[in-house]
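Working notes, beginning with the structure itself.
Order of writing sets the labels: A, B, C and D. Residues in every chain begin at 1.
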Amino acid sequence: MTLVLTELPSSTQEAVAATRERVAALHAELPRNELVVWTAGNVSERVAATDPAVPGLMVIKPSGVSYDELAAENMVVCTLDGEKIDDGTPASLVPSSDTAAHAYVYAHMEEVGGVVHTHSTYATAWAARGEEIPCVLTMMGDEFGGPVPVGPFAIIGDDSIGRGIVETLEGHRSPAVLMQNHGPFTIGKDARAAVKAAVMVEEVARTVHISRQLGEPLPIAQEHIDSLYDRYQNVYGQHDQKG
Amino acid sequence: MTLVLTELPSSTQEAVAATRERVAALHAELPRNELVVWTAGNVSERVAATDPAVPGLMVIKPSGVSYDELAAENMVVCTLDGEKIDDGTPASLVPSSDTAAHAYVYAHMEEVGGVVHTHSTYATAWAARGEEIPCVLTMMGDEFGGPVPVGPFAIIGDDSIGRGIVETLEGHRSPAVLMQNHGPFTIGKDARAAVKAAVMVEEVARTVHISRQLGEPLPIAQEHIDSLYDRYQNVYGQHDQKG
Amino acid sequence: MTLVLTELPSSTQEAVAATRERVAALHAELPRNELVVWTAGNVSERVAATDPAVPGLMVIKPSGVSYDELAAENMVVCTLDGEKIDDGTPASLVPSSDTAAHAYVYAHMEEVGGVVHTHSTYATAWAARGEEIPCVLTMMGDEFGGPVPVGPFAIIGDDSIGRGIVETLEGHRSPAVLMQNHGPFTIGKDARAAVKAAVMVEEVARTVHISRQLGEPLPIAQEHIDSLYDRYQNVYGQHDQKG
Amino acid sequence: MTLVLTELPSSTQEAVAATRERVAALHAELPRNELVVWTAGNVSERVAATDPAVPGLMVIKPSGVSYDELAAENMVVCTLDGEKIDDGTPASLVPSSDTAAHAYVYAHMEEVGGVVHTHSTYATAWAARGEEIPCVLTMMGDEFGGPVPVGPFAIIGDDSIGRGIVETLEGHRSPAVLMQNHGPFTIGKDARAAVKAAVMVEEVARTVHISRQLGEPLPIAQEHIDSLYDRYQNVYGQHDQKG
């Protein structure tokens, strides 16, 4: 019993259309910020609930389509079980192979409205060693409130990637997790915030890596990390919407 | 007795024209993905056989022409012995100096429809040490199904480069080989797939290099590599054509 | 008692308008030179004093606005206490969260007309180790006249960042300081010169870092550093305005 | 007794005009290939001798002008003593501060028609250690015919930079020299060839650096280097003009 987009309430159809526009546009940030090559990487966003009778939905990139061809009309609509609904995209456009992981996050973390996955170079390099990124930059204090944690090794095929993401993020302030041997997943209140976290995790992964190449970065005291994080999330945070 | 393009069957002429368009367009991916500088690097594609009376043909970049000037009409047509046919390009446009290596691959690997050669930085850095890239990333499991192997030292002048490529690739799942002190050669079912492999081999060469700068990446168990490779080639693979 | 831009002398209003144009345009140099990601980084310029009755003013980037949207009309005007004046920008555009540090520099270093702050990768990597960049390149002799010094760890909230910048720069020829665990701040006679210093500090941070990865760079004798610096500031310097 | 361009034979004026076009256009290759930041770097070309009564001339970039503003009409014409002639550029446009070094090369190496100087990152990093780049890549055999040598430490003010370049290059096949603590200078039969050498020296400096970060690159036997160099300069070389 597949959901059919054109049979859903018009408020839902409008929310889906707006989400598709946003998700398609945000994909351009991934190559622009050099987080992806070829067709790798994906952005998704939860569709705002406008009608209690409609199950939760998300919009995600189709699988294997080049970044130049990512228009709103070929973004795929799925349920939070990761199943594509009858959404008007050609049958050949199947959702990203990481859809199950995104869906698991939405299903288990109510506050999350956007998810991004990349294989960005430096973050993936830390992930390949299974090593968390220590919080040695004030911008990490601001954005991550501590280290960027590592999630378990997991391969596609069941819900083990999704579970690994959720279980790791629930114990940290960080909106990014480095899945071992795989790469970063990031979350945010919407897709834009998750994309920002994907940009920032690569930035801090690169800067801390380079710093450590010639010695040990100086630690930042926990009280300063707390202070940076509180201020950024509460004071600067209110203006962050514009960014 | 040089072949003359305009004397070949019209089906062959059409196949050549289409191949030239594709090969010219794909060359833009090499600088775009930062795999080449100046006039280095080359893409070729086998011309689909449309007439049993016509010997095997390939289309390749001319030698020493800048990437800005690579139009379909100056792509060179060669036999699988690496000889330019009378193809309508100016006599001054000779085929890439790597043509013999490409031709050897087509002549000896029937399933190969595209070949790419670059000196991309990180892949060439592994090649200069004669060291294979270990499979420590899930995306390597997906795309390469194991390590990226090293081929022998060989210099231009006989068929030793071509032989080195073929003998090395026949023992591996990888569509990429790092020719020692030289650089990567990649293969695919068509030129687009070989270009994708050229992009991916540089990506994994860079990521694994950076990971190893600060410690040893964690190995992935062979059974997981097998599982990643099987799934990607069989499930994801069917959609890969779009990429 | 907030200053109102439209009530200030017309000479001041004109100076503000011209400064806004320059500061907005110069922000484009930060992403162009790969010194910033997302909305990080900021440029400010002191408004030329045209009327003794008007207190000192500066123009700075608004907080959290993307680089694509940085037009002259949303550059924020502040006093040298870091307070936004009633300047015609929407109330939602608050000045950069680094405004207090910029203002402190203008208030305490009369000769400074421009300030830039970034988290550029290599400069920040040195800052995270709290290590100054040694003067081992002739271009460092030219531009910095010695090492690039490190300033103290300081967090946003009082004037400790501004004080750290001023106290460190006063003991050095360098127009750049690496604030520990944070990133570079640079100064100049105007915003353009401070942007140039931000570009150059990242360039020398990167080059010296890479040089040191494989051994120790050769020192340059102090007399040669002095000679390079004197010549560049005095002979080449006169033409530097065009730059 | 300053030379006046408009009083020189028309054949010389035409040669100057054509050289200015080429030199201006080639400067675009420096930022495009990421060899320079801000206003650093310079390209020059010898003006072809068309009249035995006219002393040798060269065209070079003006000092401190941004890459966006480098039009043919502001390229500066100098004698091989490095003196600007009355060439129609505004008096404010003085020749690059490296003009004396370029002029010395033209005056002492008859076969050289083009000179380029940059501070490109990896080449400068080797220069800062005073370490030659070993010939461990087949493309180095092709282009450099051996290692890239290091020239002496020398500072602007007399002819010591020019002498250092000439004395070092005369003992090597390499068209590039790494001036200690300073950066690369490259030569060629014309400016285009010198720009190519500037691109290639950075490419091999980067690749060999990265290779050595994780171990020692494998040497290439001298006979193979000789064979690569001979073939490339003699066989491939004839087509190199097109590149």
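By our rule, contacts are C-beta pairs under 8 Å (C-beta built on N, C-alpha and C of every residue); 3 or more make two chains touch, one makes a residue touch a chain.
Since this is a predicted model, take the numbers as computed values, not measurements.
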So if I look at the partners of chain A and the partners of chain B, which chains show up in both lists? none
Counting shared numbers against all numbers at the contact of chain B and chain D, is it over half, same, or under half, different? different
In terms of mean CA position, the chain most removed from chain B is C
Provide the C-alpha centroid distance between chain C and chain D, rounded to the nearest whole angstrom. 33
Nearest whole angstrom, what separates the Cα centre of chain B from the Cα centre of chain C? 47
Multi-chain contacts in chain B, i.e. residues touching at least two other chains, fall at 213
Just spell out which pairs of chains touch, all of them. A-B, A-C, B-D, C-D
Within the complex, chain A is touched by chain C residues 37-40, 63-66, 92, 94, 97, 119, 121-122, 124-126, 128-131, 153, 155-157, 180-183, 209, 212-213
In the complex with chain C, residue positions of chain A that touch it: 33, 136-139, 196, 199-200, 203, 206-208, 210-211, 213-218, 220, 224, 227-228, 231, 235-236, 239-243
